[in-house]
Every structure is written in C-alpha cells, then in structure tokens.
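Structures given as structure tokens follow.
The following pair of complexes shares a single chain, subunit A, combined with subunit B in the former and subunit C in the latter.
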Partner chain A sequence: MPPPGERPRRRLPAFGGLSRLALLLPTLVITAVCFVIPLGLIAVYSFGTVNQVNFDVYFGWTTQNYHDFTSALYLHTLARSVFLSLSTTLSCAVLGFIFAYYISRQPPRAQQLLLVAVIVPFWTSFIVRTYAWVDLLQNLGPLDRFARTLGLHGHIDILYTPYSIAIGILYSYLPLMILPIYVSLERIEPALYDAAADLGATPFRQFRRVVLPHAVPGLIAGIIIVGVPALGEYVIPEILGGGKTLMAGNLLADQFLETGNYPFGSALAVSVMVVLMLLLFLLRRAQPAAEVQ
Partner chain B sequence: MTDTDLLIDPLTRGALLKKAGAGALGLSAASLLAACGSSSSSSSSAGSSEAIAGQAILSNYPGWMGKHNLADFHQKYPQASIKMISNATSSSAEVVLQFKSRQYDFLLADTTDSGQANAADLITKLDWSKVPNIKNISQKFRTAYPWGLPTDYGKVGIAYRPDLVGNATITSWHDLWELIPRYSGQTVFIDLERDCMGSTCKYLGFSSNTTDPGELSKVQDAIVKVKPDLNAFLNTNVGAGLINGSVAMAMDWDYDVALLQQKNDKIKWVLPDEGVHAYLEGFTAVKNTSKIAVIQAFLNFLATPPQYADFVNTTGTAYMMPASTPLVAKTISQNPILVPTDAILAKTEFDKYLGADGTTLWSNTWTAIKAA
Partner chain C sequence: MNIRRHPVAAPLSFLILLFMWVPLIVVGVNSFNTQTIMAGWGGFTTHWYSLAWHNQDVRTGLKTTLIIAVASSVLSLFVAVTGALWWRRASPKARAVYDGLIFARIILPEVVFATALFFLFLKIHFSLGLTAIVIGHTVWNSAYAAIIVQARMASLDPALEEAAADLGATPWRAFRRVTLSALMPAIIAAGLLAFTFSFDDVVTSVFLQGASNSPLPVVILGMIRFRITPEINAIGLLVMLFTVTIMSMAVIFYATAGSLGRAGRRGSMLDMYR
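Right, the complex of A and B next:
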C-alpha cells in the first residue's frame, strides 16, 4: 500500500532471460541485417582485389587498397571534404543556434508556427530543393540579377564552386541543427533568466552562463547529425559542384558506379568511417567538459 | 510508369542521364549483387530455340525505342515479344555487370561496354544469316560495332554563341582552348571521361583511344590548365546555358546541340578540324540467352527502314541508315549536324574498349583531373 498522497506504482512484469531475448530479437535482427552485416561486407571487400575485365572480386586479403588510399591525390580529396564539412557544420551551428534561440524565446503559438516553417522544406524532395539552387545561383539567375541591381559589375560566379556546395549543405542540413538545439533551449526554465537578471547578469553574461551551457547537448547532437552526413555528401557536390570540386563522397561513389572497383571503394568507405569515428571520439571527449562548465 | 508510357515521349540521351544520378544508388546495390555472382533470373539457361517465340528481356535507356517498334514486332511475330526494362546506366562497369547479372537477354551497350563484355566472354555472337537487314546499316558502323545491331551514335563537338565571344570564329579544338581563358567561367565541358578526355586527345592530335601514359599525361595537363576558367563539367543539359547566354562555349554532343538550336538559333555547331570523338551504341545479346531466335528476329525487324526511322524519330538521335532517310523527320534528316555524311564520318573516331590496364589508366587520369 503506497503512502497517502503517493500514486500507486505499476509493477513491471519480470522477464526471464529468454523472454528478454525475444523482446530484443527484432531490434537485434534489424541492427544486424541493416548495419552490422553490410559494414562487415564492406570491411571484407576492402581487403579484396577486382578483375577489371569481368569485375569478379577475389579475396586475397591484400592491404593494397589502403596503401593506394594514402596517395596524395586521395588524401587531398579527403582533407578537402573534412574541411568543407567542418566549416559548413560550424556555420550550421552558428546559424542554427541563432534560429533556435529566437524560436525558443517566442510565445508557444509562434514557436509552433516557426517550427513548422523549419520542417516544411522537408516535405519537398531533397533533389528538387538542391536543383532549385542551380537556378537561384547561376549567372543571369535571380541572385545574379539582384546583385547587378545593387551595382555589381560582371556576374556573381557562385554556382559550381566550393561556395555553392557549402550553401547547398548549409541549406539542406540547417533544420537538422535547429531542432536539437531548440529542444535543449526550450527546456530552460524562464525563471532562470529572471534570476540571472535579478543577480545583475548582463545579457551577454546570461547568454554565457545560462543559455550556452543548456544548449551544449543539443549543439553536440546537431553537430553529429549534420557533420557525419556532410562529410560523405554525394548529391549536393554532384549537383552544385559542377564536377570541379571532387569530394570524398563522389570519389567513393565513382569506385562503385563508374569504375566497378568495389574493393578500393570499400577501402575508401572504411577510411572515411575511421576519420568520422575519430572526429566523433574527439567530440565525445569534449562533451563532458562542456557540460560541467 | 509502364514501359509503354515511357515510349510515348521522345527522350534525349541527355535527359535520361539525369535519371542516372537519381537511380545510381539503386543500381549500385544491384551491381554489388551482380558482382557477387548472385542471380534471380531464369532466363539464362543455355541452349537456343530456332522458333521465334517467347519473351526476350531487354535492358535499355528509358524510352530509347521507337514508339511503335515493340508493338509492331509483336504484331508480326505473335508468339514473340520484347520486355523492355529501363536502366539509366552511365558507366561500362554497370553495363558489364548487367551482362553478368543473367537478368536480361540483350542490352543496349556502347562499343566500350560490348567490347569489355566480349573480352569477359559475356556475349552471344549473332548468326548474321538471321539478321540480313544489317546490310541497311552503313559499313563504318557495322565495323565499329561487330557484336550486335548498331543503333545510334553521338559525336562530341563544340557549340558556341558567336555573339558572346566577340564574333570570333571557332573551327577547331585549338580555337576553343585559346578562347577559354579569355572568356573565363563561360565554358562547359562534358563530365564523362571518355568524351572529355577523348576530345582533348583530338585537340592534342592523339587517338581518342590512346593508352599511352605520356599522351594521357599531356591530356591531363591540357584540361587542368583550363580547369580554373571552366564554368563546369556537366553530364546533363550540358549546353543549356548557351540558350540564355550564361555560358558562351560548350563541349557538347551533336544531338544536344541540334535540340538547343531549336531554342536559340544563335548557337553554332562546330565539327572541329582535328576530328571528333564519338560514342556508338547498339543492341548486344547476352551469353547463353535462350531467346537468341527472338533477339535476332527483333534486330532484323528493327533494321528495316520504317522501324529504324521510328526509332530515330522517337529518340532524336543521329542516324546510321541512309535508306531510312525519306522516313526520318526532316528536323533530323535535314540537319547537317545529325546526317551521317562521309566527310563527317571520316573525322569521327569511335570509343573502343581499352583493355583493363588502359581503362584503369584513363580512370586514374580522370580522377586526377577532377581532384586538381
């Protein structure tokens, strides 16, 4: 019998070992089939060789594919991808934070409307949205004409440059940054702002000591959600890069789609994965320190 | 969308390449399975029947068939039919893996694809006595495409707007390379290694099928040198910017330029003095297909002037059967870009399979160009 005023607690059924396994089974199967086995296959392929005439794959367990990857050509491409994904992720974080903070400080109804506005673009095909930027950014397009009305001589020359790829990634991934940051900021008790103000904290000090620490979990979640796919991004550089900026994702796709060199493509995939895991590990190490502050 | 629906609208090679990107990931999965040697088809059993009966499965670009070809064939041979499965392949690797997949009886494949499939022992040679209408196809194309029925080809030349380049006259690849830095950011190259590097080979006076590392190194240098001044490498809507003037010059396919000229008559086509590189496609039978009799009957049927004209009129491609000229739409048959004259063909070099080492060398060179 619970004490007076305390709600009766529902007793959870006790599961034995087999029952627990049965409950876990669907998740385990999905994880194994969709993630573990494909990753294992990729890893196995990365040590193989391919007959470039008939594309038969042989598993001689060679490390040649990884050795090939260390050539300056591929490392330079990977470095370019890491730099572009880091810079766009950082830009996403700054812009996403501003948007999320603004939304979180609005009345509830306005918040809902603004959140819908953030999500609505997802209802349109990703490919269509990316192609729309081709029209917007091309010379003699709307932005170019607008720049001319402001007195710019010549053309804006943005399309088919690393900048247009960065714009495409920023635009496509920004909502994925805004939402987790918003969730973190929305949980801040309004009384905390009042308390900080009553104690004489300037707006900047309030931001630094109240807002930022609460936003860190959302920021880190956003950085992971945006940064990971941005590093392997294939479609945006393909459409907005004009074939002039080779990224790791395109290099990887070419091995599978163009040259049929699955072992080398797999080695590239594993290498990109290792770089990602390293970056995530560093981020993970930074997280507790940030939370403590 | 059914295959019949796909046949209703004329579709350019450029338009279908758009779909290649969208379908690429799906195809890669299929290709991976093919590489593993898996198969779920039952159409691969050995042996052939002389009876023209049964359904042959064709892998083809979306809509790359005459509006009435398949229905007319079925009408002539009620026991036989062709099931067309659309695949927007964009590389030889994908096509060769289709040859291996045992899912098809015959495929649309270019000279490089079929040459490689032949080297890998993945094709069935046709009994030409069953395809007597092959004589209607010009000999040059038959020689370049000996594995099946050649259907279409496309030359890579230059399209440009004289009004945007100071009324300069371009007659050669050399002229183009000279003008690229002067009109920086206003030139587009094709984003396919065989066409782009092949055309650069022509600019430098090499065969567009060279496998000489020294020559390919010079090709790489020539493209990398002008790369900062290029607007883009594109594989769809390559010359579209010529219409509104956002680009002034383009390395482009003949059929694409023919379409562009219908939208802007200021666009000029140049068959460069040094010569041109070209792709050549056709239908090739897969090894051990059990439907070889149906395939041969269909190819023989397609090689008649009325059926071939239907194919050309639907796809808008440059054609290779002089006897079909009266039946081909005038927009094609009277377009000097698309008519296969001896003078044009003398300047044309078709794709060839380069062998494993040659293919790898080209691929590595192309990657180096793109990464530069």
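Right, the complex of A and C next:
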C-alpha cells in the first residue's frame, strides 16, 4: 500500500460512492453486535443477581459473584486451570523449541517434509485428535500394556485425571508453538552459526547467544497462541477429564448450560478475560526488551 | 537423521514426531480392529464403518454440519472481503482498531465468547439453532478469513484498478475483473479454511444449538461421553481424511496465488497460522 496522499484517491472512491460505511457494515455487525456487545453484557451482568426459582436475571450492583468463587471449591478449580495451562504452555514451549530448532537446521527439502508432518496432525479434526488419547491412555490400552511389559504392576490410571488433560492440551497445541518458533529461527543465516563456531564459541554459548535471542519473538507468539486458549479449554477436559469439572472453562460452561447461574458464570468469564489481558500485557512488555537484544 | 550433528535435538525431535503421529495412527488402526475394548489387535473388520454409516445421528449430524459450514464460510467471506475493501481506504487509527478486533476474536478462549453470545441471544430472545450457530461461527471465522484476504489485498497495486477505470471500465466491472479476480485465490483459500474450522467446531455449537439437530462434532462428543466405541474411530478416520483434503486444497490455492515458487509456498503455508 502506498502511503495515503502519495497517490490521488480519485479512482478508489469509485467504490467510495457506496460509502465506506457500507463496506464496514458487515464487519461492524459481526464484531460489534456479536462480539463486543455480548462481552460487555456479561461484564455488566457479572455484577447482577439471579432468582434461584425462575432463573430470571436481575441487574444489580453486587460483587457477590466475585466473592463466590473465592470459596475454596471454585478457587481450587481456577488455580488448577492456571497451573495446568501454565505447565502445558511451558512444556509446549520446550518441546516446540527443540523441534523447531531441529527443523530449522535441516536442508530445505527435509524442512518442507517435517513442516508437513507438523501441520497435518494440526489439521485433523480436533475432537478426533483428543479422542485418540482415550484409546491410547485407557487402562489395558497400548500405553498401559507397554508399561506392564516394562514391569509396572497394576494399571497406569492416567485417563480421566489432570495428567490426561495436560497431555491432551500439550498434544493439541504443540503445532501452534512449533510454527511461530520455526518462523523466527528460520531467519538465522547458517553463516551466523559458522561465524560463532569459528570465533570459538562453545555449542552452549552458540545456543545462548545466537539461537535463543532469535527465538524470543516466536516463543512469545507461541506462548500467547497456546497459553491463552489453553486457560479456557473446554473440550479437552470434557473428553479426557471424564466429566469431572476440572478446569475453569468447564465450570464456566456449567453455569450457563446446567445450573443457569448466569451472573456467576459471567463473573467467571470476566475473571478469565482479566487474567488473560494481564498475561498479554506482560508478554507485550517482554517483547520490546527482546527486540533490543 | 543426523544424530551426530545434533546429539540432543535429533533423538528428541524423533520422539516428538512420534508423539504427534502415534495417536492418529492408533485411531486409524483401531477403526479396522475387531476388538471392542481395543486392548490389542483382534483382526481386520469394516464392521465399524458400516455401523457408522447406518447411524442416524451421525448422518443428520453430518448434514447439519455441512449446512452450517457452507453458510458460515460464505458469510465470513462476505464480511472479510467488504472489510478488506474498507481497510484499504481507512485511516491508520481505524485500521489499528480493526486489526485489534481480529486479534481479539482469534485469541479469546472460545468458551468465553460462546457463553457471552449465548447470553445475548437469550436476553434479546433470539432463538437458538442453526442460524445462531452460523452467526457464532462467523464471528471467529471471519477473523481468520480477514487475515488471509487482507494479506492479498495489501499486495494489490491500486494502479491496476486505476488503469481499468482509465480504459473505460465501469466501477463495478473494474471491481469484478481486477480487484475480485486478483483476490480470488485468497478468497478460495479463506473459504476452505473457514469451512474446515466450522466443520470442526464443538464449543460454539454446543452453546448455540438449542433444541435443533446437533452438528457432527457435537454428536461425536456425545458418543465419547457415553462410552468408548470403535465406531468413533471409523468416523474419526473419515473426518480426518476429509479435513486434511480440504486444508490441503486451501494451501494449494493460497500457494499458487503468488508465483513465488517453493520458498513462497512454504512462507504462505505458515502465514495462515501466524
């Protein structure tokens, strides 16, 4: 796009006759009416109350809903969600980094093949991918039998625990971590590695001074793309958590689909959003610092 | 694999690759497995496929999903293309808001957005069902579509359209023959991408389906909750093949859009996930 003013706009407005507002209208309806307003609505109603008999929602100025989930039960779920999404995001970052680094050091043809190998699992149906782990992790399943041949007594008992949820999240989100890290590592000129080696840098020092600084933007992008949705994950705990309410996403969904306590559900949704905005803000702050290096 | 050059990264990467592919292979293998508890290989069968084929819930689910996916991708494209046309003429500040809202629609956990829209529809007495699901899908699908269409729009030289106008084309004709045809590969790619995302969606559909027929992924979710059955593996393998085919088509369309050769193709494949 040339900067405005450089090229006279006399031709483009041929459409401008239809007025720019008309062009913006579809986007406006979809984002304002169906995205911003609903989010604003739950923000307002998170301070409301619900009639427990007929489920009518009243708007009132109460912070009761926010007090409610400081009760041990809910706080526990929220803490587990934060912990699960943090730990899976970190594991994702470590595995994603190793794999992205490995791809980036391959000849072009092999890079292409490996990228396809990453992307195809990512393309396959989300629900099927998650279900696959039920097959794999169930007692008497392949992993259980493998563990037994290694000499484990009894069963692995992983399915329907926080561990199976963590594995499911790690599995589903790993490609989302690998791709942005790869994109930033791919930019490193191979000559840079050679130069570092020629100047006597040990492999560890090469890694610290060449690879890591280049990887930071991709790492941050990956952490955002993985960590944010993981915190609100609903389907994976639903399938691999065995119907127990284990994460904030499920607790939130239950308030709307089962209990009908909309104000409390809204308060939960708002809290998740606030935590995420905080996270994004912190990561944004981290980004310029990384670029300076 | 060159273990000597990368003594740590090479073996670990091999394990990661295994981690990514074993679950898919297990689904594929078990879809032909006679053993119902899937504790081992019991013999070859296509029984699960015929069971899936005759399952009425699965059939209506598939039909519902296809209707929703087509409607939502068409709607998303309409939003994305008009949005991109507006974006060209917008001020930098307005663009920043527009781009920010695209980012927000993609990054916000779906469950938060879906409950919020569910609550709004409840408040304004908009009945839940197919239309509601289509609208819900369009909210995030149009954001993905917008990124792809916009990337292509940014590389489109306004001089082309000016030339068309100078040569006497009416505005509509210039738009159709120059702008739209230049955007076409991106539009097709974005449409296919939106189609698969909608085809695959669970969360938005669960909240907005109301009492109408469930789309296929929601049907599968119900089956999984109920019990483990190899029938799901059969459905799963078919769904996997279907979505991979569509996505490959999307990438091919997007890649042939630029005549950048191999390097360009790899870049564009990644662009879709940036």
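Keep in mind that, in the parts below, the second predicted complex is superposed on the first by the 252 of 293 C-alpha atoms of A that agree within 3 Å, B and C clash if a C-alpha of one lies under 4 Å from a C-alpha of the other, contacts with A are read in each partner's own complex, and residues count from 1 in each chain.
In this section, a residue touches a chain if its C-beta (ideal position, glycine included) is under 8 Å from a C-beta of that chain, and two chains touch if they have at least 3 such contacts.
These figures come from a predicted structure and were not determined experimentally.
**Student:** Applying the document's definition of touch, where does A:228 land relative to subunit B and subunit C: first, second, both, or neither?
**Tutor:** Only subunit C; A:228 stays clear of subunit B.
**Student:** Is A:76 touching the first partner subunit B, the second partner subunit C, both, or neither of them?
**Tutor:** First partner only, subunit B.
**Student:** Quick check on the superposed pair: does A:135 touch subunit B, subunit C, both, or neither? Answer first, second, both or neither.
**Tutor:** In the superposition, A:135 touches subunit C alone.
**Student:** Which chain makes contact with more of the residues of subunit A, subunit B or else subunit C?
**Tutor:** C
**Student:** Given the touch rule stated above, what does A:191 touch, subunit B (first), subunit C (second), both, or neither?
**Tutor:** A:191 sits against neither subunit B nor subunit C.
**Student:** Who does A:27 touch here: subunit B (first), subunit C (second), both, or neither?
**Tutor:** After superposition on chain A, A:27 lies in contact with subunit C alone.
**Student:** For A:260, using the defined touch cut-off, is the partner it touches subunit B, subunit C, both, or neither? Pick first, second, both or neither.
**Tutor:** So A:260 only meets subunit B here.
**Student:** Check the residue A:150 against both partner chains and state whether it touches subunit B (first), subunit C (second), both, or neither.
**Tutor:** Touch status of A:150: no partner.
**Student:** After the superposition on A, what does A:244 contact: first (subunit B), second (subunit C), both or neither?
**Tutor:** first
**Student:** Both subunit B and subunit C contact which residues of subunit A?
**Tutor:** 127, 138, 140-141, 235, 238-239, 243, 253, 256-257, 262.
**Student:** Any idea which subunit A residues touch subunit B in the complex?
**Tutor:** Residue list for subunit A touching subunit B: 51-57, 73, 76-77, 127, 138-141, 155, 157, 159-160, 235, 238-239, 242-244, 246, 251, 253-254, 256-260, 262.
**Student:** So in the complex, which bits of subunit A are touching subunit C?
**Tutor:** Touching subunit C: residues 1-2, 4, 7, 9, 11-17, 20, 23-27, 30-31, 34-39, 41-42, 45, 95, 98-99, 101-103, 105, 108, 111-112, 114-115, 117-121, 123-129, 131-136, 138, 140-142, 145, 171, 174-176, 179-180, 182-183, 221, 224-225, 228-229, 231-235, 238-239, 243, 249, 252-253, 255-257, 262, 265-266, 269, 272-273, 276, 280 of subunit A.
**Student:** Name, in rising order, each residue of subunit B that touches subunit A in their complex.
**Tutor:** 21-22, 24, 27-28, 31-32, 34-37, 90-94, 96-97, 100, 116, 119-122, 185, 191, 227, 230-235, 241, 244-246, 356, 359-360, 363, 367-368, 370-371
**Student:** Which of the residues in subunit C come into contact with subunit A in the complex?
**Tutor:** 5-6, 8-10, 12-13, 16-17, 19-24, 26-27, 30, 37-40, 78-79, 82-83, 85-86, 88-91, 98, 101, 104-105, 107-113, 115-120, 122-123, 135-136, 138-139, 142, 146, 154, 158-159, 161-162, 165, 171, 174-175, 196, 200, 202-203, 206-207, 217, 220-221, 224-225, 228, 232-233, 235-237, 239-240, 243-244, 247, 262, 266, 269-270, 273-274
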